[in-house]
Amino acid sequence: MIALIAVLGVPIAAAFMLALIAGYRLSARINGLASFLSFAGSLLLLIHRPAPNVLFLVDDLNVVFIVLNSFVGFTTSLFSAGYIGHELESGKLTAGYLRFYHAMFQLMLFGMNLALVAANIGLMWVAVELATLSTVMMVGIYRTHEAIEAAWKYFILGSVGIALALFGTILVYLAAHPVIGEAGAGMRWTTLLAHASRFDPALLDTAFVFLLIGYGTKIGLVPMHAWLPDAHAEGPTPISAVLSGLLLNVALYALLRFKILLAACPGAIAPGPLMIALGLVSTLLAALMLYRRRDIKRLFAYSSIEQMGIIVFSFGVAGPLGNLAGLLQMTMHSLTKSAIFFSVGHVAQVKGTQRIAEMGGLTESHPLLGWTLVAGVIAIAGLPPFGVFTSEFLVVSSSFSRAPLLTAFLVLGLLLSFGALLRHLGGIAFGPVRGETAPARAASAPIFAHLALVLTAGLWLPPPLVAWFRHAASLLG
Amino acid sequence: MMGAVAIEALQMAFVLLAAPGLVGIVRAVEARFLRREGPPLIQPYRQLARLLGKEVVLAHNASWLFRTAPYLILALTWVAASVVPTFSTHIVFARLGDLIVITALLGAARFVLALAGLDIGTSFGGIGASREVMFASLAEPAMLMIVVTLAITAGSTQLSSIAAFMLSPVLGLRISLALALVALVIVALAENGRIPVDNPATHLELTMVHEAMVLEYSGRHLAMIELAAALKLLLMISLIVCIFFPFGLGGTGAAGFLLGLASYAAKLGIAAVLLGIFEVSLAKMRVFRVPELLGAGLMLGLLATLLLYVSRSL
Amino acid sequence: MGLGFDIAHMLAGLMVLASLLLLYQDRLTALINVLRLHGFILALAVAWQAHIQSAPELFVSAAIALLVKALVIPGALDRIVERLGIHRNVETVGGIGLTMFAGMALVALSLRVMLPVTAAADPVSRQDIALALSVVLIGLLIMVTRRNALGQVAGFLSLENGIDLAAAGARGMPLVVELSVAFSVLIAFIVIGIFLFRIRERFDTIDLAALESFRGERR
């Protein structure tokens, strides 16, 4: 119970507090403290899970994500403290915005945590909507032409997606109602899952299509991905880290819950082929788009789309190994992508630009930043010994046994993105030095922490973690 | 049987005689609302009488079509007006009183009129004919959608069955019928060339549709065409009244018959007054905007049909 | 069943009609007025659902719909339009005839999709869901065919109204969901309001063609 209060109550209380505090240093510290407290709370949840009640549910599927969420939230708040301080000094942001920024940050963490622990599909929807709305405001915070366009597009596409997801939720309720009957229970996971085999298959199918399109928009699946690159590129970097690392995961988690429901109903269509198709298209398209990017944040935004495509593909293939691979990939991608965005944020601040053509020779001018970026990109490109390699290998091997031809396409996508990322990395990190060479004041602890975790996961996965993932994978069916 | 024939004859005579009177009432109401004295109610009758006495002047290149068109138009419209159940459903041609038949008769009359307008070869006739046909190309589909809606709801396209269905308690409250009513009113306005589609009182070249087609007619031909136009107005009003407000219809015996007659006369009067008020409150639309209005009518008809699929009859 | 069903059907049908009317508008003040009408009909529909389902908590939902969607939001939009001082026309993409036809096609499509799927459900819910989906799809069409940010907002609000109708039609849907949906619409609207001012301030117009030129990596 205390754990839940920490995970949920602290962010919302902090949001209110931060809306009132004007001083930047104080609010950055409170931000960090609040994030730490929720992280601690999530660790407590690992040890002692509260019994599921009508509002909250903590089971094997979401407990890892809650911990991951809180952890990345915490490290991002540390990163954001230094980053935003620099933005203040360079004049890109004024002090007035910072109250707003910090309050929205905590509100967004609250929304995401609530979505993860919600036991009720309606509550989950509300929480995802809340998280989306808070990020929309933050994407537009710089008020340039591009930022406003990006935020508007994100808002419109996100809202349409979320509205379609709500429609799907209502349809699920309609399917459940004749079987379950009573009002509140008709929206609880546990009740829904228990009776899922008796739901009307056709209605459930239609519901899933809406949910796939709706939540798929928030995951960034092609063709609903149009908001993602701009939102990542134009918002402040901590927001890009959170969007890529966390919000995409939360949306995917929501979709997975419904996938479990669909799997429990025998007459319903297999969600696999739909997810495989969307995942594959996303991977291939994003991999191709990586080649011609000129903006560094946009580059990694497309990389996120590609990674999400791989993950959705893997869940589409399903089976114990496929699901395990997907879950592992989600975790690794979260950690790696946020680490990359941390370093990219510092790089952009140091070089004063986001254009790749204007950066070069980073390992010479700023060795620490350069080499951590190199490590991050190698990790996300899927090279050993990092954890992403392990999970991608698992994805490929599990799907190869079931759908060899499609796996071939997936591997093609992986190779394409590999090439593009390394090519861009070569230009940015090595070669002649371009752009500013002033020293950077980077908070490298978060980056190191994430990369260390990914590296460790690549070398040795702790058995309890594997057991959890296995159990969650078996839940996914 | 004899009773049915007698009622039919009575109806045919009634519609023919009442049509100019209807036009007279509309004009009188409009005049009063415009704070004018206006012509007396029997002015249309006087006008017809005057025209019948005048000589027919034909253009040199007028063909046989030009000379026979007025007779055809009057005949077609009179037949259509005679088969709509007005004050009784026991007319001998009840089976002919079918929505599709009426649409076809009116369409044929319009066709003949358009050809007559083109016959002489003047530009006004051409303009009038082309505009008339353009409006018809949208009004006809709208009319058909209304027919479909009514047919699905009542289970038949025969007007007497539809009227009987509308009077029955099975009906309930249906939005499709409300939409169909609005669509039918729009179609009726277009068919009769009333404001906002066309101005029946003007002879300005830019605004004419019906008047342009009959510009060349004179004497008894013009009288017949004017009478046909008045009959068409009566027909459309009777149609709306029969389908949507069939109160007092279908009574049997002398008392029922008299009630039907009285209610029909009352409904005609009310409709004429409402039409007059309506025409006075609106301005005529520009010609290229009329397809939008008719398109709206078509959409309403289409929506009415679609909504039937979620209503309780299906 | 009879009269209860008929009135529910009538109100849902009127909402579809109002959506089509919204699709047709090309002037901002008319657009906002039709939005008021849309919200008002929604409030009536939800209130009627509350009556026939004997679910008094839905009356609260209806009151919120009336207050927020028929009064507050259109009123705020009116003031935004005034303060933005923008040109009152809304350009559309594609001709009006084609758009209306597409709207009707969407209505037919949603009926075609939802009716067979909900065959086992209660008739009132069934027709509510089918017509609500049409309202949602027409809302999407409005968003797609409008080049003015306010037009897109109108489409978005009508889309949310459609979903509200669906939620009300689903018998026994817990009130907390509907309340939170209403709340999130309000918050979303506040976000919209802020954005419109920022767009205006930055671009001197709310024509989205101006925003388009800053899309992606055009420079």
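By letter and in written order, the chains are A, B and C; residue numbering begins at 1 in each of them.
Everything that follows uses one rule, which is that a residue touches a chain if its C-beta (ideal position, glycine included) is under 8 Å from a C-beta of that chain, and two chains touch if they have at least 3 such contacts.
All values derive from a computational prediction rather than experimental measurement.
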item	value
Identity of the chain that, by mean CA position, is farthest from subunit B	A
Chain with minimal offset from the mean of all protein Cα atoms	C
Centre-of-Cα separation between subunit C and subunit B, whole angstrom	38
CA centroid of subunit A to CA centroid of subunit C, Å	30
CA centroid of subunit A to CA centroid of subunit B, Å	66
Residue numbers of subunit C (touch at least two other chains)	none
Subunit C-facing residues of subunit A, complex	122-123, 125-126, 129-130, 133, 136-137, 140, 143-146, 148-149, 151-153, 155-156, 159-160, 163-164, 166-167, 170-171, 173-174, 177-178, 181-184, 186-187, 200, 202-203, 205-206, 229-230, 293-295, 298
Footprint of subunit A on subunit C - complex, ascending	113-114, 116-121, 125, 129, 132-133, 136, 140, 143, 149, 152, 156, 159-160, 163, 166-167, 170-174, 176-177, 180-181, 184, 187-188, 191-192, 194-195, 198-199, 202-203, 211-212, 214-217
Residues on subunit C engaged by subunit B in the complex (per definition of touch)	1-3, 5-7, 9-10, 12-14, 16-17, 20, 24, 96-97, 100, 104, 107-108, 111, 115, 123, 126-127, 130-131
In the complex with subunit C, residue positions of subunit B that touch it	172-176, 178-179, 291-292, 295-296, 299-300, 302-303, 306-307, 309-312
